[in-house]
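The following pair of complexes shares a single chain, subunit A, combined with subunit B in the former and subunit C in the latter.
For the complex of A and B:
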């Protein structure tokens, strides 16, 4: 085990983090709404010094053949080279794709968006909801910040006007909000040695052994999971990690007054 | 060349009036230098990384560091439909003209074989994006502590109908009676021009007049850039 890891473990044994927080304490969370006039819904999330934009664009597409009456939904993540010297220009890498898919699943599997209400004409035209997460400054925990940003942006998305020929007038927004049924929040718990921490700094992310992201609904139901990291977890670990996720999800929900 | 009458600006501004502006330096802690510049509903975030190692090796220049720009409209920042992520022909050209707009004030000879990367992301746009990008980038370069002989301030001027105007917005660019869009970058300390493009039709006389407008507008932007830099380094 390298020196850096031992150093971190010694600190965690005393119950402190590099920035003085407790093991399961989040950094201050700040949310700004409507940061982009061209998006149908948008937000900026500041979690400590982690900073990112989430924008929602609505469009019209043909539905998938197996769900002819459901709108389409997709989350995409852009880990912008602006936000971290290790991120490069070019198509999304593994980290960006995993992040986007974990955020996507949390919202999709909770049936957060009532996709049946996005049908314009069965089998021909449905609304598509495209959520883009774009990082500005990566100071750790992009996963949770993205998931929180995504649900807030979706919650504050208004339909643009639908013209008579079923095309979109983007210059005119209606007062109709995207139909939202649930508001899942993903919380990632990291395992470092025998300790569990949340909301890691980049150095803590790098030194961690494993992580578990759990998307939690307002009823405390788990609606998506992703185990990450190279080390294994015991069922006892998973049980403890889920307790933390459920607890933290409700804490953040309260803070955000969701 | 006939041009339709443009009586009054769509948003009520005077012909030489810039939209409300906002500038901030040091907004991206992980970067070596960073800045935000907003003009109307066009917002640009710029981050500078470097001088740092440059790969592939054949791109290295043993005489000087090189400058590399990456201009990027975020997927939800365009008019109308979502913009597909990834570079377009347009953004590649902007990368090149941005580099040329900023290089004249920059001296990277102390850093041979390295690169200075500038990344500019725009979360919302209402015309004048390359100018906002250059204005933000030049503040970010200064924030990174690189040696510069001055800042670069950029603004679009142009002709809307029969009027010469400063800082066109999207509606003016799309004016049915004809519009010429002229992005200009100026080194305000010398009055020299480092970016000049034009889309539309304009007489030489009008063009020269528009350039004078651009210089005056650039001076106003320059004042704001200096103020933003001083705000960060005052404490």
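For the complex of A and C:
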């Protein structure tokens, strides 16, 4: 492992990634909309060879007692065994839980969805937004791909028809979109040795020392963080990483015309 | 006369042509006239495809060349493996297959390894090794050896995965393709029959070598591949 890491560091010292990219360069990103008929909003994200689906389902639920006027928001991630030999069937593991929570935190802490507008009847009925991430192929950087997919799926979610008796008619979609206030994009910066890289390949993910995911709003405000990996980060490291995140988030926003 | 007749019969019994692409369960031929090779199964005098691939018919032998699929361990194959476990008397390797392989202590090299020695000194976790398969049992238990010319531990470098069925094209006739790659990029390259390729060299050159390998993999079925790749490498250098 050590020799392989030395090898990677030698390449990074020359400014060349394992697939020939620059250190802070993303792979081609492609987003397809409305891939699922039964979901209220859905996208497929292709980031290099990484491939995943995000679906948004809307339902009616009772609100939590402490927020009687706010809609519910949930993110769930499923790492399918077919997408990576290391993923197993069964209950979600650490990686799946972390992925779902990072996506959830980015959107929740940016107050991206105006949950107050999801209230149907105070304390009794609110819309609940359920986001599901489902991986098809893991070729690195599931964190960013899922986060980008989730916000685009939410942005393209239409309410189904609400019937007189406050039940949902899923067959009929209305033209009302989910009330969106912010569009946070998560960017994960990996630290390998003394180098900072974005959009890692699986081998780079494995050999990295630490990572920092930052959700960035359109104003360039950092609204959520997640640190991972075994080694520590200095304050200097963090400010450098955040600069890269903010820069990359705006670049991706422009590319996707968000 | 009689021979001609039987030839007619076998020709009629064939339901597919040479070089056809077939899917599992597809009827290939009827009657007793054919001998079947790998990836084909027989049911009531009929031969069916057991795999997605290209049919090859040579006289009365029908076989399927798979277009893709996981590596199946075969005796005498040189493979690239990764240490996934250190055992009491050897190492367990991941060989990009459904089955893992074991390297016993006495096959590990010319050095004498005393009893109770720290085996990670020789091969540690996540080390890559070029090894040869010595034996595959009917239960698919695989034995390896690292004693032999060119069999060794791979230091540094990086490993990529390719489709195992395309490995012969990456190696080329008499290893001509690998030689071409090595000469034009200056990288050290080891190709395992199991679809793992180890590359080590200058970072920029490594990227060229790997892009070329991916190109070979994609265009494996085309004519004049070596010339195309040669032109590609020369074009990429400018």
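Convention: the second predicted complex is superposed on the first by the 257 of 258 C-alpha atoms of A that agree within 3 Å, B and C clash if a C-alpha of one lies under 4 Å from a C-alpha of the other, contacts with A are read in each partner's own complex, and residues count from 1 in each chain.
Everything below uses one rule, namely that a residue touches a chain if its C-beta (ideal position, glycine included) is under 8 Å from a C-beta of that chain, and two chains touch if they have at least 3 such contacts.
The structure displayed is predicted, hence computed values, not measured ones.
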Clash-or-fit label for the pair subunit B, subunit C on subunit A: clash
Partner chain(s) touched by A:228 [first = subunit B, second = subunit C, both, neither]: neither
Contacts of A:203 with subunit B and subunit C, given as first, second, both or neither: second
Contacts of A:179 with subunit B and subunit C, given as first, second, both or neither: neither
Partner chain(s) touched by A:37 [first = subunit B, second = subunit C, both, neither]: first
Which superposed partner A:6 touches (first subunit B, second subunit C, both, neither): second
Residue contacts with subunit A in the superposition, subunit B compared against subunit C: B
Subunit B versus subunit C as contact partner of A:193, first or second or both or neither: neither
Contacts of A:19 with subunit B and subunit C, given as first, second, both or neither: second
Subunit B and subunit C footprints on subunit A, overlapping residues: none
Touch list for subunit A against partner subunit B, complex: 35-39, 42, 49, 51, 53, 55-57, 59, 76, 78, 80-85, 89, 91-92, 130, 132, 134, 136-139, 168, 170
Complex contacts: residues of subunit C adjacent to subunit A: 124-126, 155-158, 200, 203-204, 206-207, 210-211
Residues of subunit B defined as touching subunit A within the complex: 27-31, 34, 41, 43, 45-47, 49, 52, 70, 72, 74-82, 85-87, 117, 119-121, 123-126
Residue ranges of subunit A in contact with subunit C within the complex: 1, 3-4, 6-8, 10-11, 14, 16, 18-20, 203
